[in-house]
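Below: one structure in structure tokens.
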Amino acid sequence: MNPLIEFQGFNKSFGQHQVLADIDLKVQAGEVVVILGPSGCGKSTLLRCLNGLEEAQGGSLRLDGQELLGPDTDWRQVRQRVGMVFQSYHLFGHMSVIDNLLLGPLKVQKRERHEAQAQAEALLARVGLLDKRDAFPRQLSGGQQQRIAIVRSLCMNPQVMLFDEVTAALDPEMVKEVLQVIQGLAREGMTLLIVTHEMAFARAVADRIVFMEAGRILEQNHPERFFTQPQTARAQQFLEKFSFVESLPKTLYKELS
Amino acid sequence: MASSGIELLLVSLPQLARGAGQTLAISALGILFATLGGMLYGVLATLGSRWLNILLQLYLELFRAIPVLVWLYLVFFGLPIFFGLSIPSFWCAVLVLGLWGASEVGEVVRGALQSLPRGQREAGLSIGLGGWQLYGYVLLPQALKRMTPPTINIYTRIIKTSSLAVLIGVVEVIKAGQQIIERTYESVMVYGALFLFFFLVCYPLSAASRVLERRWAHA
Amino acid sequence: MSFDTAFMLSTLPAFFKAVGVTLQVGAIAIVTSLLVALLNATILVLRTPYLWRLVKGYVELARNTPLLIQLFFVYFALPSLGVKISGFAAAIITLTFMGGAYLTEVLRAGVEAVPRAQLESGRSIGLSEGQLLRHVILPQAGILSLPALFANFVFLLKETTVVSAVAVPEILYTTKNYIALYYKTYEMLAVLTLLCVLIFLPLSLLLRYLERRLQHGQFGH
């Protein structure tokens, strides 16, 4: 089966500094891939290359067979198929929640208002926030805003969803509600690329773990095998830093997964 | 001494009013063009094109280095010579005020747009918004509150600077006042009236700008 | 388009003098405005009854009326009250009137920009209000005001062109004069433009540099 997303020999630099080097990565439709690695290893940049927020210098990147690294790529079209959720959610503060959700469908995709609105409200209900339909972002908590940010991307009917450290800016008690939404998407079979520091979550939701360091992929593996028997020394060192979480009593674990 | 100064002044009021109308017309048109031009400048300056930014900076520095009155003379005397165009001094004034005002408003708009979190632009792009849509639906509406108080201050300066148009021969309120003085010799009253006229137009704007700035002060 | 460069060069001595007048008028106006502003700012900070309201009123009046009107009032209207003033004097008085108001705003904003925490820590080590003013507020307000002060100095210098309207022989008046006398419009405008760029562009760049060094926004202008 042809992969939905394929990076081949992918390279990106910021000036002199090479941020991504020789990335080879295939993602099948319906797969949930979690990218782990130390700060600065390029995982966010990799995600941002997939929807054109960053420009690449070399190699190949295919989405559903279509090559994206060329001068003719219509990134507006690509971005409707690749949704992205950011660490700081970035909801449009001057618009109500429902207007945030409808902006893309109505103005970019030119869909019918009642159809788009029905979808937006259904998705809002699914994340439990239908009553916040007419509220403004500043009236909502971080967790609520992040869930709405996810819905905003979903309203565009993307093939792929990218999550860039989406719980890193949240107060701990709000992390769960967001992770539950992502888990729901995974169960429905949506293709997800997730960058996160939430190790337990990664272990529970991923179909595959991709471990990166200094712009390269060092290891790819099934989550259970990655966490219990990492194959590279660097992965092992990385996981040891998180073993503090491992040695916590199991009851805490149950709440997260 | 014939009739009292005030009586003569009252008779001259229509003439003064006509002059005031010209002043306000020059100011209003200048403000209109400055606003439109400034918005364009601000958007162009945040597109990230190095050549555009150099061009815009050149334009800005040109209007900062050369005082507005000098610009008025350059346009008034120079246009006929350089381009064979002879435009009435009214429109010379409007042109200069518009271009100068646009550079000032443009810098305000640019600053306001740049003060928005970068993520707003990225979030907008991520849902597929194109250039005009991004600015029209996301960036400019949010920058509006930050832009407004300084822009109102620039409007005040445009109105005050429009007074310089008398020096290139426009029959606006100062000229009207001077014509009245020639007849009535009431220079103190007339110039006093001119003082009052400009104050009554500009002070409400300054006050409004301050009120809005306080009300919309962001963290 | 032919350039009568010979003529241009022959006018250079006159323009040299004109630049001198521009700088002279500008410098005097800057100094007197600053003195007025210091006095006003002190009144505002100390909140002297009545005087404080007077200063506020003066600032509003001077900032919301055009320089040209102020100039014409002093030069044309005052003589009818028996006070005859030369163009030069009228220019200085008017520029001081306007400049003083702008600079007062700058200094006031500078004082208000001194962080509250500074006042609190000063008081808590026992400084009197007077000592607080002298050792904590004014020095810091001074530094915070520097970019805006400098910006307003440049602004005052640029406004000297307006006093050409009362026959003060600065650069714009000299240009107009020569155009009227010799009809060499093109050449004279070129000289004027060049002079403006030579004088004001470096100042503008210097101001930009100063702002970046001190990293503060602009007030007052």
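Chains here go by letter, A, B and C, matching the order in which they are written, and residues are numbered from 1 within each.
Just so it is clear, contacts are C-beta pairs under 8 Å (C-beta built on N, C-alpha and C of every residue); 3 or more make two chains touch, one makes a residue touch a chain.
Predicted, not measured: the structure shown is a model, and the values here were computed from it.
Here B is the chain whose Cα centre lies closest to the centre of all protein Cα atoms.
Averaging Cα atoms per chain gives one point for each, and the point farthest from that of chain B is the centre of A.
One simple way to say how far apart two chains are is to compare their mean CA positions; for chain B and chain C this gives 20 Å.
Look at where the CA atoms of chain A average out and do the same for chain C: the two points lie 56 Å apart. Each chain gets one centre point, the mean of its Cα atoms, and the points for chain A and chain B are 48 Å apart. Residue ranges on chain B touching chain C, taken from their complex, read 61, 64-67, 69-70, 73-74, 77-78, 81, 156, 160-161, 163-164, 166-167, 174, 181, 185, 187-188, 190-192, 194-195, 198-199, 202-203, 206.
The touching residues of chain B, counted against chain A in their complex, run 117, 119-120, 122-130, 133, 137-138, 141-142. Per the touch definition, chain C reaches chain B in the complex via residues 60-61, 63-70, 72-73, 76-81, 158-159, 161-162, 164-165, 172, 175-176, 179, 185-186, 189, 192-193, 196-197, 200-201, 204. Residues 51-53, 75-77, 79-80, 83-84, 86, 88, 90-94, 103-104, 107-109, 149, 152-153, 156 of chain A are the ones touching chain B in the complex.
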